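Data first, discussion second: the structure below is written as structure tokens.
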């Protein structure tokens, strides 16, 4: 299975981190192509940035859809996820959604630990969009964002581990998702310590869910409200996306 | 009060229709500037098109924010609404959200009548986003989209009136919202007939809500999760938007 | 537009306060008539008192409905609101409901700060009645009611300001409503300080919503479950109300 | 146990019907005193009438509270129920609430069959107030109210039986409540036929719940948000109610 | 009325405690037969143990159903309750469900105080199953289970009383249910102290609800989704249960 | 990965069908051991039968837990699922839950088509237990169960296909799950026709989810409310289960 691991941020360093984690989770017969956004923000951290990045994610998929079998949108609150599902007839998976749904099989309630409070309102929209708010045990974050995101996983590992333990103890979370692309892979490292919740890594969850969908529904979300819209002309959009929208794969 | 009536579609004809309805609803001391999207789609009719148009709406506001007091995003499911609220510190109102909230003061349950079934899943996301799903009486639409949207309000007036009457009779709707920019103003015409629900026009509702917010909260959604994000560099975005994001009004 | 500002409490001092705030919020062409309950309680502060005051509010409207275009019921949890909507075919707005709905356009979650814990269970019923419980961030109040309500806005301004700041910081509220008629107008004064939530004044919100409804739906909630009930005889009710119920405006 | 069966309607005929059904359901050691509203409406059939009747119910209880151990408010959507619970420290039960809660032990989902569509929006508020909307299978009623309510139970028995059968078959209702005081006792008669749902009589349910509360919590809803409000002066209220509110039983 | 008080635990000591409390709550004409599980666990304290005990409860009822008029399953989260309702056509009541529904008539929100945190996730499933999660004020428990359950009611009375007071003060609970069979009867003792919530004993509530159902619906949950399943052969089940399932009472 | 495919029914024919479908969905390095219940019912079709089968499923796992890496409980409404997750520290997946969660990535709303109306109330409990009721589009079934379940997939294929098409057209379902073990594998066959919803096979979904969990959380639901209960003595339980409960793997 050919998986497109799409980083909607412009940071190549982040793509490398995501890619390394994804390679460890994938099945033997999955090949992963990791791509980095050509424009936008080094790291999305607001609703407005996600709105812009969502449109960029569509452009990135349009350029590559005919050479992949499934897509993972690798930013935690899943920019462009529903739009991509509608436009492309292969499985499209978001890191947040995949983690939330996977968590439902590992406990009754799940929470999210992340490295800055700034992101939580945007992340919460992903919880609501999945319809899982009543199983959500809340967020735990440091009081404020701190420094560069490049090494946040290493620098804040201990603090995030402590937040995880607090969440398990006080918030009734059976599962803790470590949210945010910059902390991809951290779950595995914290797991070796003694924490009283199942720790879940969103990139790994997304890779496995993409593989699952590629088996049980290779055309992805392709019917009903996700049926591909009729072809339509546009003005001023990037060429590959405009062409895909006007006439789809047969127009190639 | 200087109101920016933002049409995120590229159809000038649609802007003219929206503008005419808005002029009738506005207070004497409100002035309305209507603008049309410079790129994108003639008429947004899918989640993917809305994702793209939402980013374009942000660009359009960034170019004009310093000369207006409030914004109405004049496409029914409110593309870019939350992102715009976060980025700009003036009231930003969406046609769908304004109609839904206004409807809550005119009855217990409200429904939406529109001219094509294609749009309803996207519209429903606006209902959910407002948190009002339990007061929602559902949709009524013709079985399929029919022809050009330019004259849909005139051509389908009778059919939409009949759907409204059915919704009032069978779905328990006290209020019926006539959803979709192409039918702006139709509520007033249908109202003269005998229908057993309050008919609500979303453009009119949005104009009045923008005026209300400009009085009670002139800085709009400006705190908490909608506090303006810190300045941030970007690559490849339109100049006005990139500049606004990097340093806001003071950078002008 | 002729607005009836109805104080269902018997305190003239409270009517004066409400009226002063309403005058500041109204549009130039709105005229406000403020009336005080002729019987009942100086200040409603329980469910039982609200039940009684709701019936009195109906009497007060029945006496004046033919000389006004819209009504604001100016007690925070909106006694008699639904009954009034059913009985009278002009817009009827409640202070709490108007504030809650307006808050939805100024943030994702809103909370209520008020001057006594006694009132919160009754206020919460207004949140639930609007169907907005999932966007509600809770209450913050002083530990107990303190002294006379006449000067509570002045006496407790600092304490309520501190509660507002706490709510913004700890409860995830983007918007804080200052609930309760005795603190009408306080939002504007606190706003000049540095608080990290949008502050919302319910009287101002109610006046603007009444003006909005008078434009978009001058007959108010007049259909479906709010259609006016058939005329009906009664025993022992105040004359104006009994007459309105038996034969409505045409019977005058 | 001395039970006050309070009919908030002015129809003595209705009181007699309610009383006859209650007598059949009561335990041997329960004595029932049935009282009829001294003013108001022959039969409450709108939100506005219920608002007025709720205040009258409080007056009726205030006159008799010291000679009874529990109260049943015998109108289906429970006018004045919460206010009465707050004001009086004995169990107070409503016909609708008692039926809804009892139904929860007789099936997964329950519906309501009643004799006119007019009443359903008001009845639905009782379902929501109990927090049981997700277990509610809806209403079935004749298309319009028909004639006098005095003999509606007899006249419409067959039609209501057919609606019950339809509800069981098509709406997923395990239990059907026969709502509305005028059809009190009808459940027992329909039960002898072959209907595929458990039929529940609200008066009987209310009597049994009043007896249950009198055993397990003789002081009723007496704490927290239902703690009795502090004494308070009033103007223009009926003497017994005003006195109860100002100083309660000790003031007698 | 012949009531079967079914203890799905194997502890006779617990049966004796439950029986003593039930005897105090019952009506004069109710006779109670208390039975103890012949196999399983001394005291159920996990989901897995409840799963096993639920099947055992069915066996226990099958052996006695023809000599009783109603059943109380006397373990707090009601193991086997829905299955028993489906299989037997007499009222079947669970201690937790009965307490939750009764609490709804004694306040707006209710909480549960119990003697160990271990049980709360399982208990919460009973709250959700009743559809009452939005009225639930949460749990208060000691930090860890302590010692033998045989004398927990006596040993921890003071601590549980303090937790009850905290719940009333800080969690907005109008009613506190003392959950768990080992603390049956404790509510009555704590009640004599000064606590600011209505205290509710689940065994007493269950007995009264069983009596109520025996009057208003002697066949219990007998229709719709709770209609008795068609007879069916089985392998390896206890004889009385297998026979009941294959051919019911007529097969005896 | 060694997967235990556990059929809690006693029908070997059904095990063979489930096994054949599972073999097609599994990854190359997964080995599947399919086991059939040694006692209970040929085919579970009621809540009571599921209660009994849930306890039997625990016995079946206890006998084999040390030689497998994950378990699929292969009956559609997942008897014993939560109890098994609590008791065993490997991933345990249910057919219904796995299908519901997978469906959430293939559309906005999903429905269930099955071969008999009898099962739907029990199936609905699985939807509620997952917290996904608001995304559920309902059931479509033939009017009554028909004949033997052994060949129901073949015999009713056309009818179930027609129900699927109706659900897609009228109920707003983007995804249709073919529920019930006897129709395992049917989704793949119907998929070749023209149906306007994504068709989902629960056994395939369960196998893929078990594989996903084995990668991202090999210890399964092992913390918080699913932490393994302390060892406990029991009476009269099957030997392997009793021993597992008293002292777990180390006791072997």
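A, B, C, D, E and F label the chains in the order they appear, each numbered from 1.
Criterion: a contact is a pair of C-beta atoms (placed from the backbone, for glycine too) under 8 Å apart; a residue touches a chain by one contact, two chains touch by 3 or more.
Note that the coordinates shown come from a computational prediction; the quantities given were computed from them, not determined experimentally.
Novice: Look at interface C-D and say which pair in A-F, B-C or A-B is its repeat, using the rule that over half of the contact pairs are identical by residue number.
Specialist: Most of the C-D contacts reappear at A-B.
Novice: Using the touch rule from the top, work out which pair, E-F or B-C, shares more C-beta pairs.
Specialist: B-C
Novice: Taking each chain's centre as the mean of its C-alpha atoms, give the chain farthest from subunit C.
Specialist: Result for max centroid distance from subunit C is chain F.
Novice: Using mean C-alpha positions as chain centres, tell me how far subunit D is from subunit E in Å, no decimals.
Specialist: 27
Novice: Using mean C-alpha positions as chain centres, tell me how far subunit D is from subunit F in Å, no decimals.
Specialist: About 44 Å, centre to centre.
Novice: Among the residues of subunit B, which ones contact at least 2 other chains?
Specialist: Expected reply: 108, 121, 134, 172, 224-225.
Novice: Which residues of subunit F touch subunit A in their complex?
Specialist: Answer in residue numbers: 25, 27-29, 91, 93, 97-98, 101-102, 104-109, 130-132, 134-135, 168, 172-175, 195-198, 200-201, 204-205, 208-209, 211-213, 215-217, 219-227.
Novice: With touch defined as at the start, can you tell me which subunit A residues reach subunit B in the complex?
Specialist: 10, 38-42, 45-52, 54-55, 58, 80, 82-84, 86-87, 118, 120-121, 128, 224-225, 229, 232-237, 241, 245
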